[in-house]
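Each of the next two complexes has chain A plus one more chain, namely chain B in the first and chain C in the second.
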Partner chain A sequence: MAALLKKIRNLDAVFHPNSIAVIGASREPNKIGHVIVKNFVDGGFGGKIYPINPNAEEILGLRSYKSVLGIKEKVDSAVIAVPAAAVAGVLEECGKKGIKGVVLITGGFSEVGKADEEKKVAAIAEKYGIALIGPNCMGVLTPATRVDSVFLPIYKLGRPRVGKIAFISQSGAVGGCIVDLAARAGIGMSKFVSYGNAAVINECDLLEYLAGDKETEIIVVYLEGVKDGRRLLDAARRITPKKPIVAIKAGKSAAGAEAAKSHTGALAGAAEAYKAAFRQAHVIEAETLEQLFDFAKIFDQPLPRGKRVGIITNGGGMGVLATDSLEAEGLALARLSDATNASLRLSLPAYANVRNPLDIIGDADSHRYEVAINAMMRDGNVDIILLIILFQTAAIDSGVVNIAIRASDLRQKPIIAVCTGGEYTDMHKRIMESYGVPTYASPSSAMRSIARFAEYAAHRAESGKTGKKERK
Partner chain B sequence: MDFPLLSKYGISYPRTEIAPTRMRAVEAAEGMGYPVALKISSSQVLHKTDRGGVLLGLKNKDEVQKGHDLLIARFSHVKIDGIIVQRMAGKESVELIIGGKRDAQFGQLIMLGMGGIFVEVMRDVVFRVCPITRKDAQEMICELRAYPILAGARGRKPVNKSALVNALVKVSALLEKENPAEFDINPLMADEKGCVAVDMRILK
Partner chain C sequence: MAALLKKIRNLDAVFHPNSIAVIGASREPNKIGHVIVKNFVDGGFGGKIYPINPNAEEILGLRSYKSVLGIKEKVDSAVIAVPAAAVAGVLEECGKKGIKGVVLITGGFSEVGKADEEKKVAAIAEKYGIALIGPNCMGVLTPATRVDSVFLPIYKLGRPRVGKIAFISQSGAVGGCIVDLAARAGIGMSKFVSYGNAAVINECDLLEYLAGDKETEIIVVYLEGVKDGRRLLDAARRITPKKPIVAIKAGKSAAGAEAAKSHTGALAGAAEAYKAAFRQAHVIEAETLEQLFDFAKIFDQPLPRGKRVGIITNGGGMGVLATDSLEAEGLALARLSDATNASLRLSLPAYANVRNPLDIIGDADSHRYEVAINAMMRDGNVDIILLIILFQTAAIDSGVVNIAIRASDLRQKPIIAVCTGGEYTDMHKRIMESYGVPTYASPSSAMRSIARFAEYAAHRAESGKTGKKERK
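Right after this comes the complex of A and B.
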């Protein structure tokens, strides 16, 4: 891959700064400029924090400066939350100070028809090679470095644990909701970026940066529109042989297609174009917000060698539903080997029906799950293990959570769980999620995710082969 | 009917000739092979089918001769340019559509779909961004919901998949080069021997 542009390299300053200036910092608790400083302080950011406010001496116990130019030490990054009219001036000062990364929260630019103002701001950033995110964005999170410029209070919008998923969102509102949900579900993130109007750094720049980011293994994208579809397609094509990309395209209405004069013109809307591009670049397309993270979180698991699923369940009906979904998604039901069948017959009660789906019966305890998982782990005919655990039964105990996590930690085969239920079930799901075992509320959502996972694994295997050929 | 644009990109269409005489009509039919269709060619006859100016499925020399004479007699009152002789697709052929559209974000898109009523009602169509590879073309064919029909469901002969792949790759080249606003080959008749474009439309 060609050397990254300076502004893309400078994104390091946005995500991993040693020092950060909050321009527009405020003493008023309900002001955005206050919330951001507070989030850096309370979130445990390890670097230096410099509040910038022309009228304050001190904000949240930190010495406040009138301008970034008044700081003697080096400053890597800045968050700007001043009124739109003041942005150009403070950004110019950031450039002079040698600040490399800027998150521009302020709105009131191209989204309200002020495209010229936005161009002015972009030109200043380009002049200094600043990686500028925004304007009109909600901020950036890096859970590992505790960089947190998201201007919503932590008690209102939960922050996710450290994980491998980078999530970039054109919409701040949608992005924020998903981050909050991910935090509650126990899903981890490496980065969250609300990139707003994308005046300087756009979705393609972020994809290229994240492709080389060691903390990121999965890239999730919420898109409404892009400036250059071809570049997106080319970038995605280069990245998916190394890292999976899960994307959702919002705004699929057929506007424009009505004016078409041909059959093809009438059928080819924006949705079809994006769908085609995603398909060609092996981007995994989500149709709904739920699917976005349903698909993404499964990639915490090792890639499967094939699409043969072994199902273990303590409820017969759920096994039947899972089989139906498996067939609908084009997956295969693993044929258990003779050795597996023999060992299961020995260790399971006589009334258990030894076949796939393996119904270990409603009186199964965690030990019975362990026996079944171990057998499927050893069986070369099983590529993926799906655990259906109904926590409502009298016999099941919480130990099954540890068993699932231990099996997942072996990193031999993907372990995926379906747990359908209420509060008590959710508690167990959260624990599994936070240890990287993806959990689903229904067999159908699990199977849909497994299908995308297996398709992607096949693409990786394929591109690995052609990659080797090319090197020869 | 002649499609120089299709010729330029090596996309085949049914052979068509305008025969000024009965003998020429027979020669043309013998040359292109049966079955053929005969159509009246006259600037004064606009709705050929409605007025009985189209004869379909003529299977031999005798039928062509009789058909020719019938059309000449039926339209004796108008000025005739000649009789159009056109090779017809076989009974087992499937009606498809291949199209293109210039998309603001991605450039040329290529579409493959089931033709006839299916394109309107079922919207059984697949898109790709151009240019496409042979592998893309193969995947497009397999992604159609009606793929089993192309693969030869219920005793039908399967359509020639590699000819269809060729056609898609050629249309992709046409779209890349000509960059039309919209483009349709509709219908494209495909059978076990190959596929031919029966009609096309380009919007610059």
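Right after this comes the complex of A and C.
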């Protein structure tokens, strides 16, 4: 238990090192060991970077070392990207050097049937108490400290801004493409971890670490196989009253489980058991990749007090679709108070139909959105405000983005936006996302996310009442 | 019946006019009547454009007329964007001038309770046999002839390339944002029609017209209320053995129906009745806005002979997710033939696992995709090829796009792509879409679309056998 705690604590060295060694650093631009050094340098990592390569004097302007043992200063962390056969040797050196955190990129272990080699590597890490991530992984990102051992260049895989979502993924490929997607959309992350074969640090260890991580408020997990289902469930049950967990389980179907087995060597399957376990532990389950971040990013907003949604739209048809989805998801259409109705009738043009969904008509400008938002903010019958903004109309410009962000910054009620469209729309969605206003491409995806959000809020309120520890 | 047929035939004047009058043309850049003239001019409309404005001599370099009756030459079509009170008068003039097609943008009729005014307008159109679209609509696009009466500027609402999908939408706002989305994604359209209050031309008339339209191979419909459900069902039943119809019905829920009523004045609801009717008529029903074009664009590919899918991926995790979705959608994982397995074992690296899903591993380049696609093309056990391409990996470049497009151009088997990611990925998705290779953001959205595609193909094959008229 003490060893486990120490290992988890040592993850600090992975995410927040003052110094990092890149073992297998290379002068060749197309080599993984080059891309990683470059990402640390270009990304603006604030600590010391030590390239390790037996045959180079200098890499990207940095002095290169033959071994970590040749470095005089203290080294907190290492990224290893050497051939599989050389891993045990360099890891032993890391242990001797007192390095506490290691990201082992190298593949060629249990995923290709070499479980014994993997055990040998794990034993070295355990001997020295090293928090080792991998092997066969794609690296780690901490946007706040610019730790970036993801071995793909930035033009192919965008890096997200600093945010509150930690994302851990067994699959490097799935993880990578989602990080890229999030970066593009303006969604922020506190951590990204591709944990690969999980020889030492597994999903449970990461959950425990992230539960206590001040930078992380939402945890997103992509799982294929799970080594210790009981521990995962226990950890999740302890964490969800404090931080929401959104998870996707791949390899659910019989055929999918078969595919997963050949992919990571881990056992998958038993979908129904996972489903039930997630439900029990109040883990929010995503059925698709899209839902993973759709569900997670809504938690940038304050938790709602109930499930009554007020809808504001400049396109009547979108209000109809939103109402359909609201009903399908078991949410409630807020009944606007008489005071709200009266004030809206005064402020809105006579041809606007004052009801919920509130259609402020196709000629609505930013000011009309402001009036409508203010009215719903004041109305105690509205728990959540859904803004549908069609940026195609002539009267809408970037001003409405400021209105939405200002309303969101009050942190009184959750503000969620739906914007469907092309380039002009996408640009405005990115701006809103980067200020923490979650945006959705359709009423249905928004309502599905709001439903999970409201359910989680009810769980949190319940946990608080029953005297469980609550945070924030 | 003869009057109805004539009216439908007269839609040719709306979509393919040699000359068009813009009634309510304006010199003011922010006026609808200006934007429409500008769209015709800038878009490169090949015919004559006649701005109509009682107080202007010239608009955008074109001679302006006080009335259509002042034009000496024949005029095929008119767009009307004058205040509601002036509509009857100018429409009467259109009739006298022999104009056959009219797009009536102006709102302020049945949607605001003025059903009588709308009936008056409809009666004028009927008297002259004018195919009138609207009122209260957002206009019409025919990308091939550059007819563009959509009154929103191009930087806000992108115009799609020429393609095979006709999209008709009761709601202008929903229609517009989807057109914008399609334009951005590289999806092509044959026609877009926002038909608004449907005073004269309704969804059934448009379906009948599009059934015979050579430019249209796929029909997409956004419905709120329907005036004549029996006729819609009859028309759909006749059309679907020839052309697929994808439809979304808004106002399904009780609350949604209520919202729809206040929006367009049409009756909505009776969701289950629609669902059953769609199923009977083999209309492909979309549940969300995203599905509308997800389902439609796949028909750019040749119809599959069966539902056995071959999956090629450079990311193992994505193969697992795709297999889960395949099973959930009732599709079959193709069993690769012994010959395919043998040839793949020869051509692929030893560490690639030869099975379906075929994981060609994260270091796969374009050539490896080509080898895999060729093998699946030759294999009689594969009906549909799903390419998962993660553009984040170091070995992937634009070359793979050419491989995918060349394979698609053979028109032997449907090729569908899944690409998840940010900017670099989006660019490549747009290229593939613009060559008719449908792309999806996730395995689940692709599989859902493939399932509808395979079901429709089975229906078509069945219709052919039973001696019903089949086309292509």
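Following the convention adopted for this analysis, the second predicted complex is superposed on the first by the 448 of 472 C-alpha atoms of A that agree within 3 Å, B and C clash if a C-alpha of one lies under 4 Å from a C-alpha of the other, contacts with A are read in each partner's own complex, and residues count from 1 in each chain.
Everything that follows uses one rule, which is that contacts are C-beta pairs under 8 Å (C-beta built on N, C-alpha and C of every residue); 3 or more make two chains touch, one makes a residue touch a chain.
It should be emphasised that the depicted structure is a prediction, and the values quoted were computed from it without experimental measurement.
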Touching partner for A:Arg230 - first (chain B), second (chain C), both, neither: first
First, second, both or neither for A:Gln280, with chain B first and chain C second: first
Partner chain(s) touched by A:Phe391 [first = chain B, second = chain C, both, neither]: second
Residue contacts on chain A - larger count, chain B or chain C: C
Touching partner for A:Asp409 - first (chain B), second (chain C), both, neither: neither
Touched partner set for A:Glu462, first chain B, second chain C, both or neither: neither
Overlap of the chain B and chain C footprints on chain A, listed as residue numbers: 260, 262-264, 268
Partner chain A, residues of chain C touching it in the complex: 30, 32, 35, 112, 151-153, 155-158, 169-178, 180-181, 183-185, 222, 224, 250-256, 258-260, 262-264, 268, 287-290, 314-321, 323-328, 333, 351, 353, 355, 357, 359, 362, 390-394, 420-426, 441-445
Contact set on chain B toward chain A in their complex: 97, 99-101, 103-107, 109, 111, 113, 119-120, 123, 125, 127-129, 136, 139, 181-184, 186, 201, 203
Complex interface listing, chain A residues touching chain B: 225-226, 228-230, 233, 260-265, 267-268, 270, 272-277, 279-280
